[in-house]
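Here the chain labels run A, B, C, D, E, F, G, H, I, J, K and L in written order, and each chain numbers its own residues starting at 1.
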Amino acid sequence: MPDHVYKKIEIVGSSPNGFEEAVQNALARAQKTVRNMRWFEVTETRGYIDEDKVGDWQVTLKIGFTLDE
Amino acid sequence: MPDHVYKKIEIVGSSPNGFEEAVQNALARAQKTVRNMRWFEVTETRGYIDEDKVGDWQVTLKIGFTLDE
Amino acid sequence: MPDHVYKKIEIVGSSPNGFEEAVQNALARAQKTVRNMRWFEVTETRGYIDEDKVGDWQVTLKIGFTLDE
Amino acid sequence: MPDHVYKKIEIVGSSPNGFEEAVQNALARAQKTVRNMRWFEVTETRGYIDEDKVGDWQVTLKIGFTLDE
Amino acid sequence: MPDHVYKKIEIVGSSPNGFEEAVQNALARAQKTVRNMRWFEVTETRGYIDEDKVGDWQVTLKIGFTLDE
Amino acid sequence: MPDHVYKKIEIVGSSPNGFEEAVQNALARAQKTVRNMRWFEVTETRGYIDEDKVGDWQVTLKIGFTLDE
Amino acid sequence: MPDHVYKKIEIVGSSPNGFEEAVQNALARAQKTVRNMRWFEVTETRGYIDEDKVGDWQVTLKIGFTLDE
Amino acid sequence: MPDHVYKKIEIVGSSPNGFEEAVQNALARAQKTVRNMRWFEVTETRGYIDEDKVGDWQVTLKIGFTLDE
Amino acid sequence: MPDHVYKKIEIVGSSPNGFEEAVQNALARAQKTVRNMRWFEVTETRGYIDEDKVGDWQVTLKIGFTLDE
Amino acid sequence: MPDHVYKKIEIVGSSPNGFEEAVQNALARAQKTVRNMRWFEVTETRGYIDEDKVGDWQVTLKIGFTLDE
Amino acid sequence: MPDHVYKKIEIVGSSPNGFEEAVQNALARAQKTVRNMRWFEVTETRGYIDEDKVGDWQVTLKIGFTLDE
Amino acid sequence: MPDHVYKKIEIVGSSPNGFEEAVQNALARAQKTVRNMRWFEVTETRGYIDEDKVGDWQVTLKIGFTLDE
């Protein structure tokens, strides 16, 4: 059985609707160019303020994926 | 064009209903005394436990706002 | 009046449905063996990815509870 | 019941007599302009050295207080 | 000679009288259920404010103890 | 001799010309409302990119100033 | 399918023979009282020095295990 | 309006002439393969010493850029 | 002489046999797509536990390599 | 006026009597070989436990002193 | 070929003229007593404020040098 | 009984053969000028890459030793 090797990339997803949707948007975009995504780690949560309300949630995540042999 | 200068303040918002509402409550209160809020950064997420359930979400955020010239 | 002493334990809750439910699941399981839970602190947020979407939210929290006299 | 919102400020107290008095001095000065102080968090402990002894304890703390409705 | 193995637990001691008494109170309570305590590490110092003075010192410590063979 | 008490505030200065000018701009703006500034600590250095060059340096600093008796 | 909940404990393993054996010793001792161990995270590596050589490797790890339903 | 997604990459720029030129060199090289760079964050500043003087400034930065739809 | 610019990527290597082999496996896989690797920095050490023993060492490293002119 | 240059060294002081005396003991010993000590920064507070009480406070500090011209 | 061993020391350089000159001043002073300096790492940037302007830049660096065989 | 005072120094050991040998090499060199070494703490693990393999392990450690009375 081969020893697995993974790569981590850092992506910022955003959404006006909430924290979780920002994460989902990051994954939806990342899967266009990355295969075999396995896990994510949230490293930063922030956002823009628009007229005194949250205008955009911005969540930074590291995404780990298996490198093809 | 003037160089922008911002101030950051640290606010703790709370809500029994969830993480995002705690952030919104923090902004709603802060806008009573602060103008030109631009962004926030979540620095801590915690909460009180009431009868073995989340009684109150407490989210600490830094809020950045433009200082008037 | 006695001086309070608390213990903190570290629990990872998970949920396919979201960040907050992962926290609630952690508390629901912890209360089976721990009494007098008072507060929690989120220390890590991550998750597994299943078919390019969040398959499972995994939230690590420290739970503080009063030690009985 | 209203959701509480708190503000945190960062104060450095000093005292030639010790760590705890430096904290008390910080609170004594802060209460002149801040109402409803609820908790503090020590973030840094340092001091000046005078003739090879501690000349002044300097303790940085964050003070949390309730924002009036 | 066996190789030693230790466990660390996290305890919050409190005292209205000072930082050191909060640590001593944590140890006094912990020794009711833990044997062979060897060392402690202070990880957080905070407190409640009561009428603009320190009402209660709260010190979080990790306590290391030898696991019996 | 009174024991000194200081307050720290967090300011972001910016400048298209460089790191040091961003710090100077932060102080120039802060001194309009704060007296007795004594020291600063750089906590973050970042910037916007405009046409593949640094468009604006953004430096976050904490500024410590003496609280009047 | 139930949502998994894990607990993390912090253990220090030691060995005169090396870093990896210190980790293995920690697990060997922990499995006497903990079932269903799944993963570990090294948080600190240190050791005692005996006659100018490493006398004992001491590795702190967090061990995650599944909580039984 | 689409939700923006960004990627962050980590680059080390160097220059014998100074901190800011090391950042500019990093951007100049990165723009050969990356489009739509928006911001940078300095994460580390170090350098080589040559004959007791700074021989080369080495600045690590994270560069954020928009991912094309 | 041109000023060097480096890129850092984050890779997780694994091995059932030990910490160092996990690092070597990460490099062995990375060199299939990356040229001019110069240094690595270990950022995390963890592993899976299989039948109460280390089943797999997992070491996260940042790898720095020279960007071709 | 010459530009000042300082060196920082790291010292661990200990005392069975308390946190502050451990700091004072560190300074008392350091001044035997170091001149012109100016400030200290506490970086770690821990201790040994003897018969379920604090046996020895151990405080790590960095001491800054002026380098003679 | 012998295996290299390095020592790191921590120095604070200062300059009224800027960040980079503070680093150069630190090296200029350190080379009076240290040979074979190879690299530096900036760990802290701060300064004194004089009449609302930067009076003195203070940069803390770790300096690595080869230990003679 | 006198109160012990320790000093910590920071050393980087290297070895082409592995992590542990790099630590041993650091101690072997340090003992030429330092007496009464008691413990070490690993603070950084990195290395140079030579032809796509680990060319040199480089381990930074803090070494604590008793200061003679």
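We adopt the following convention: a contact is a pair of C-beta atoms (placed from the backbone, for glycine too) under 8 Å apart; a residue touches a chain by one contact, two chains touch by 3 or more.
Just so it is clear, the structure is predicted and the values come from calculations on it, not from any experiment.
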{"item": "Touching subunit F and also subunit L, the following chains", "value": "K"}
{"item": "Where subunit J and subunit K overlap in contact partners, by chain label", "value": "L"}
{"item": "Angular offset of subunit A relative to subunit C [C-alpha, multiple of 5 degrees]", "value": "120"}
{"item": "Centroid spacing, where centroids are CA-atom means, of subunit A and subunit F in whole angstrom", "value": "32"}
{"item": "Interchain centroid distance [CA atoms averaged], subunit F/subunit G, Å", "value": "44"}
{"item": "Chain centre separation in whole Å, for subunit E relative to subunit D (CA means)", "value": "23"}
{"item": "Of all residues in subunit E, the ones touching two or more other chains", "value": "9, 19"}
{"item": "Chain pairs that touch, as defined at the top of this document", "value": "A-B, A-C, A-H, A-I, B-C, B-D, B-F, C-E, C-G, D-E, D-F, D-J, E-G, E-J, F-H, F-K, G-I, G-L, H-I, H-K, I-L, J-K, J-L, K-L"}
{"item": "Complex interface listing, subunit B residues touching subunit A", "value": "19-20, 23-24, 27-28, 31, 37-42, 63"}
{"item": "Subunit K - residues contacting subunit L, complex", "value": "3-9, 62, 64, 67"}
{"item": "Footprint of subunit J on subunit D - complex, ascending", "value": "18-19, 44-49, 52-54, 57"}
{"item": "For the subunit D and subunit F complex, residues of the former touching the latter", "value": "9-16, 22, 25-26, 29-30, 56, 60"}
